[in-house]
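Following: one structure in structure tokens, then a few remarks.
Order as written gives the chain letters A, B, C, D, E and F; numbering starts at 1 within each chain.
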Amino acid sequence: MPYVNVKVAGKLTKEQKEKIVEGITKLLEEVANKPPQSTYVVIDEVDRENWGKGGKLLSDL
Amino acid sequence: MPYVNVKVAGKLTKEQKEKIVEGITKLLEEVANKPPQSTYVVIDEVDRENWGKGGKLLSDL
Amino acid sequence: MPYVNVKVAGKLTKEQKEKIVEGITKLLEEVANKPPQSTYVVIDEVDRENWGKGGKLLSDL
Amino acid sequence: MPYVNVKVAGKLTKEQKEKIVEGITKLLEEVANKPPQSTYVVIDEVDRENWGKGGKLLSDL
Amino acid sequence: MPYVNVKVAGKLTKEQKEKIVEGITKLLEEVANKPPQSTYVVIDEVDRENWGKGGKLLSDL
Amino acid sequence: MPYVNVKVAGKLTKEQKEKIVEGITKLLEEVANKPPQSTYVVIDEVDRENWGKGGKLLSDL
């Protein structure tokens, strides 16, 4: 049943996405016995111009 | 007042989006008396390379 | 694969939740051929003191 | 620690995003003593064809 | 049309929530001409045991 | 900069939350070089009466 949303600033490679999905799914199975087939992991790659930290856009830092 | 977020893997046609928005809004009005004018429905079409299930990216399945 | 998040201000009865989950799942199956067993619907009942509209908390209106 | 997600229908200019990020970060610092360096603000510009109100897509209104 | 979700670790007072809702709504009106009556602000007060930073739960720091 | 939201149906123990936060933070550091101090992980424990799958509430299954 878990639904996991991973938001990162900027782009990830396909390989990185594969490892993130695999790693989170395995972690939730081992730690909380959540079946992989019921675990959704959705990755949002947010444009650096759309992510602010410290009052500034990351694209301006 | 309802805010509904619908995340699907892959693309929807405009007609499908129209039916989803109309259907959810009508459902919330009938079931919970939520006024259509206050009901927001936001649809996110997620790239299959960004959605994992069973530890794999959908684009790899 | 759909993940749907329904946020409403205030409480719903169990029966209302059942109808909302059933209705949204059926709608996505009919409109976009999404299999019910892969459709997650998560309902958030938000306290009226935590929902603002027009610059005011709903609990103050 | 705050994480703020701002969803708007349609596009914003870079300048508008800068003002929104700056304004929200300052507000949370003044009102709730949240340190700017720990405050994330993520802006989602949603296509008007993906945002429904009153049972209609904004792009159809 | 904006929908803003503010997640903070720990509790806020009612007065703080009022100021956050008012401030964000005014900001979006001034910066992006978003009508207050269409602006939703939802505040989530997250338990410190459910928020992790640097690999630790805030409640453990 | 990552913000990760983990939604599970039902309750987790504190120890499970610690392992989930630690594991996800370490994974994002190793896979995508994301600094732990900038990685937020927020866990939502959703009541089984508020999570639907296959058109049914989990609490009814």
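In the analysis below, contacts are C-beta pairs under 8 Å (C-beta built on N, C-alpha and C of every residue); 3 or more make two chains touch, one makes a residue touch a chain.
Just so it is clear, the model here is predicted, and its values are computed rather than measured.
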Chains adjacent to subunit C and to subunit E under the stated definition are B, F
Over half shared or under half: which fits the residue numbers at the contact of copies subunit A and subunit D, same or different?
-> different
Give the chain pair, either B-C or A-B, that is connected by more C-beta contacts.
-> B-C
Rounded to the nearest Å, the gap between Cα centres of subunit D and subunit F is 23
Separation of mean Cα positions, subunit F and subunit E [Å, integer] | 20
Can you list the subunit D residues in contact with two or more other chains?
-> 1, 3, 7, 20, 24, 40, 42, 51, 53
What graph shape do the protein chains here make by touch: line, ring, star, complete or other?
-> other
Touching pairs of chains in this structure are A-B, A-C, A-D, A-F, B-C, B-D, B-E, C-E, C-F, D-E, D-F, E-F
Can you list the residues on subunit C that touch subunit E in the complex?
-> 7, 46, 49-57, 59-60
Going by the contact rule at the top, pick out the subunit C residues touching subunit B in the complex.
-> 1-9, 12, 16, 19-20, 23-24, 27-28, 31-32, 34, 38, 51, 53, 58
Listed in rising order, subunit C residues that touch subunit A in their complex are 1, 3, 40, 42
Using the touch rule from the top, collect the residues of subunit D that touch subunit A in their complex.
-> 14, 17-18, 20-22, 24-26, 36-37, 39-45
